[in-house]
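One chain, chain A, appears in both complexes that follow, with chain B as partner in the first and chain C in the second.
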Partner chain A sequence: MKTAIQRGWYFLAASPPVVLVAVFIGFPIAVTVTYTLGHLGGANSAISSIALHQVSSHGRLATFGAYSSVLTSHSFLEDLVATVWVTAASVGLVLVLAWLVALYGRLADTRIARLLTSFAVVPLFIPVVIGSYAILQFWSYGGLVKTLAHAVGLPGFPALGYTLGGVVLAEVWVSLPFAVLMIGSGLRSIPDSAFDAARDAGASVARATWTVLLPMNLVPTIIATSFTGISILGSFTVPYLVGPTSPNLLGPDAAQTFQSFNEPQQAEVIAMVIFALAIVVAVPYLWATYRSNNNAPGAA
Partner chain B sequence: MTARRIGVGIGIALLAAFIFGPLLWLMLWAFAGVWHYPSLLPQSWSLSWWRQIFHYPQLVRSVGLSFTFAPIVTLVSAVVCLPAAYALARFPVPGRRTLLVVLFASNAFPKIGLYITIAGLFYALHLMGTFFGVVLIQLLGTVVFMTWIPAASFASIPRALEDAARDVGAGRLRVFFTVTLPLAAPGIFVAMVLAFLASFDEAQGTFLVGVPNYVTMPVQMYSLVSDYPPQAAAVFAVLLSVPSVALMLLVRKHVLGGALARGFELR
Partner chain C sequence: MQAKKWRKMSGRGARVLLAGGMLGAGALSATVAGAAASSVAPRKSSGPTGTITVFSQGDVNVQNLWTNTLIPRYEKSHPGDHVKFVFSTSSSENSVVFDELAASAKAHKNSVYDIVDGAVPAEAAAAKLLTPVTPAEVPLMKEINPNAFKVVNGEAIPLRGSEVLIAYNSQAVPNPPTTLDALLAWIKAHPGQFTYCNPADGGSGSAFVQAVLAKYTPAADNLKMALGYSPKSESSWSAGLAELKSLTPDIFQQQYPNSNQGVMTLLASGAVSMGAVWSDQATTALHNGQLPKSIKLTELTPPLAGGPDYLGVPSNVSATEKALAFQFINWTLQNPQQVGIVRAMNGTPAIEFQYLPKSIAAEFASYSSSPELPYSANTDSDMNSKWQSTVG
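Let's look at the complex of A and B:
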């Protein structure tokens, strides 16, 4: 009996952030789901009273009218394709760069190597609005990249401001620190002996990395992949400032659908699509953390 | 060997240019008078925007607001999350994994979709356009790492150290404040700095909930980008980066030491 009370106290101590998240994130998500399925009353009545082009379930359990109108729209599909490829390209680039930086930091362990890691972490501390604006200026017409290209006789060099390519660059810039920290921290926890043994047996640095370090550092790599992917899928500021008007990512698309077109229901359908994509990206993360917890000594 | 060193050198230079180039370019703009493409440097230099920017009352007010919200949000977040972080790390909390995953899932839902629904909720609760509403919306963005990172720090402290202190007669509270808390301090510090920056950086939710009463610096930045000359936006951006860079220098060592990375492994 005493332990039951004690467990109750433990649960209570751990609950404030969860309660906060449940009330102001969990509950709104549940309400959002009912709204996209056509329930316009109750908690949705405030927002639905000002919305345009709503689809109502008229008392039935659900209607997929809002989903079908969004999912069949041409501009949405273009934005969906853009979101998927920009996310894939950015995550790929971030992983390659982060691995290079972290690997160099782990193997070289010189002042320059440590300095490089410090460099790569800087964007973590620059507000995203500032970073995006700076990148936009840097890669646009009149930016340093165009200016240098012009100076060396390449006037046709593309300006990447207001393009999806620019969005990829900016997403990489913003996401690099977290991936470097995650992958670097994982690499540091691998003992020298594991890598040295492979080297002594005649493996090249590349081969020893591929066959020893990569498998041993798989969990941090997966964590970096999932978090980077999720944050890019739902990103708003970067594509809003750096990206083109259309097609752009689904984040600004949802914001525009709400703020400019006054269609919150359709905007929420877009948010649900982003959420669905994010869940797909989150699956490897959950799998990896469960697996590493079950393997950890003393895991419950 | 030399070829490899040159290759590494070029790689480092490219990465440095990629990271710092945009920031340096922005710095130049902040001190530019006239600057036309394709000149590599401004044709004339000027400090006039550093003076002018302080003549716009709404800009000055937004600076004050940002520096009001960020510390409040950080403190509230610490009060709400730190006891929970300790409990999750040290006690057999029922449903511990589920709680951690729920926190994680809350992070995966796109913010814009959340804010639209929260707007409806805030209207009903009369929180729209209020100070408390803005604190609440900024708080939501800090909960996950304010719980995870300190929890990992608490969990990484060997219990033997606490037990040793208990053995020589220290009470529970004394052990917590003289052994546990100092050892977990780097992780807590990193989490608080990240919370401060998250609040300082938050624009989308603050825009939706706070406008027109509470326009913080990043919200102001959106209109600066479109409505003012690049010099004004650059000056403002440099100002907005100052606290971030200062805080970065404070926690750099702990962040690079793995205090942040540990928090995301969900142990």
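Let's look at the complex of A and C:
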């Protein structure tokens, strides 16, 4: 039983990061929300003095004019659809690949297996902007892939540079290491005996994986899913460099709306949409961490 | 970027406005030689001494101009003076600096920067954040074409200039089009052989888009949109936007490069035969071999947009720093510095050719005497937005 004094000390220890987040992230978010709702004065007066096409609440509590202008725009809706499917496809691919790599590392305890799991982490050490540009060059028209395909008589082979398919490819490259680390370490913590017992009872490897390893590794998988999904939803560098002019993901869309169209209010509305999507993706994560905290040794 | 439409001009990093008569027709006149010899050796200044802070943004060529040419020469010729240089290759930094100017002026505090270069001055002048320039502070402004001051309300001074030209592969295209209509017809007749960059990402793309929009817009409205913000005039853009949209199937890969440099990369690899490029960036690339010799530059009639890169002094700097800043700016307009800019980055000089050595004028003989005025910052933001939603 912890005393009140102990709890007080714990709270104090945690308070610097909490204060930091509240001041440098919480406050700007609150200001941004009021701006999207049409409050142009106060902390928003500097930005609103230079912005184009703003919607003002004229002293009323809120107006949703900026939201309706963005949410009904055809190009925004195209970008939204692109963001959702690119995120879903990338997350799905990342999970499948990360599971395959992690499973191989777990089941085949050979030098090659260990080498492969180490290689899967390499993208972590290559800056995103470098990796994206390399993928763009490699897969663009005139890149190595297209050139080789042409040489072997496949002139119709697609060039993924400047396409959403290329964005999916690059997002998988960027996201794979974290998922492999997360799912791989989860698999390694499952005792051999659980898997072996299922095998002894006559289950195939696939069946034992499906009924034993997957459920026991569910929490790390969900965490990997949420983190990968959130980072792809808000990604900028990959879609900016690799993606097409239009439709593209909401990250470059927001930046372009802010910078090139000089519409900060609309850009912040787009940011709110990304925020809302990220919350949806975060729900399973919150559930998983809550569950794993409750199941942790020593918890009530 | 924001109130501001900063375009990313890789290679020049600056928003270009108007070109007025910078490349003036009278430039090649006989008065050239005499004036040239005047301000040769920089002298020890008798003006104030101290430190000024300069912000600039652009590609490495812009950075090199400041750190290898302008600043060392200035500090050498003005002992006791120092220039603190803040530079970003990312155009998004422009918005940070612009916001800083707007916020510090609003809060009645002194600006961090004493001189701003690149995309910021045009935007800041439109927002009345800069100090008006007078001949008392910058005597050499008399050597600059007066039109160059109109678009910035007399609040900024040209440092150098460039304009958007058509680059073409002379092996593939022996007879390049010389007018906009001929170019548009050529693009449709040669699918996949032409490209221009996203206007939001590069000024060369903006100039091409603007030219097509302007074709269907009354001249008076075009002038209004160049000198200020006139949302009503934008209604006449729809015909031009439709024309641009009809070009999309014939643009290389139906994708628009996201930088000026991207167009040059496609030209260099032979993927396209023609594209819209900045004069200074393309000339430099031709000199250093990034573009093959088979690439030639040509100007349309009437020419695409172009003009000067400006320097501005924020209105909220101390009197001492203001004096220092204008002393520096006047120095950049002296003959040796202007020639240095031409040599360092193939930009056109800010002062008229009659005040420069004859050989300089000859180098720019194929350029226009009056490139089109680019649209103002806010007009350009709207143009980018409409292009993205209808064409991109």
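Following the convention adopted for this analysis, the second predicted complex is superposed on the first by the 289 of 300 C-alpha atoms of A that agree within 3 Å, B and C clash if a C-alpha of one lies under 4 Å from a C-alpha of the other, contacts with A are read in each partner's own complex, and residues count from 1 in each chain.
We adopt the following convention: contacts are C-beta pairs under 8 Å (C-beta built on N, C-alpha and C of every residue); 3 or more make two chains touch, one makes a residue touch a chain.
Keep in mind it's a predicted model, so treat the numbers as computed, not measured.
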**Study point:** First, second, both or neither for A:I47, with chain B first and chain C second
**Key:** both
Practice item. Please work out whether A:R188 is in contact with chain B alone, chain C alone, both, or neither, and reply first, second, both or neither. Key: first
Point to revise | First, second, both or neither for A:V128, with chain B first and chain C second | key: first
Check your understanding: Between chain B and chain C, which makes contact with more of the residues in chain A?
Key -> B
Review point. Touching A:F258 in the superposition: chain B (first), chain C (second), both, neither?
Key: both
Practice item. Name the contact category of A:G142: first (chain B only), second (chain C only), both, or neither. Key: both
Practice item. With the two complexes superposed on chain A, say which partner A:A271 touches: chain B (first), chain C (second), both, or neither. Key: first
Check your understanding: Is A:I25 contacted by the first partner chain B, the second partner chain C, both or neither?
Key -> first
Practice item. Could you tell me which stretches of chain A are touched by chain B in one complex and by chain C in the other? Key: 46-47, 141-142, 241, 255, 258, 264
**Study point:** Interfacial residue positions of chain B with respect to chain A in the complex
**Key:** 8, 11-12, 15-16, 18-23, 25-26, 29, 36-40, 80-81, 83-84, 86-88, 91-97, 99, 101-114, 116-121, 123-124, 136, 139-140, 143, 146-147, 197, 200-201, 203-204, 218, 221-222, 225, 230, 233-234, 237, 240-241, 244-245, 247-248, 252, 255-256, 258, 260-262, 264-267
Review point. Within the complex, which stretch of chain C touches chain A?
Key: 1-7, 91-92, 95, 98-99, 102-103, 106, 123, 127, 198, 200-201, 253, 255-256, 258, 269, 271, 377-378, 381-382, 384-385, 388-389, 392
**Study point:** chain C-facing residues of chain A, complex
**Key:** 45-47, 49-52, 73-75, 141-142, 159, 162, 240-241, 244-246, 255-264
Exercise for review: Name, in rising order, each residue of chain A that touches chain B in their complex.
Suggested key: 7, 10-11, 13-18, 20-22, 24-29, 31-32, 35, 43-44, 46-47, 97, 100-101, 104, 112, 114, 116-131, 133-135, 137-139, 141-148, 150-151, 169, 173, 176, 178, 181-182, 184-186, 188, 219-220, 223, 227, 230, 233-234, 236-237, 241, 250-251, 254-255, 258, 264, 267-268, 270-272, 274-275, 278-279, 282, 285-286, 289, 292-293, 296, 300
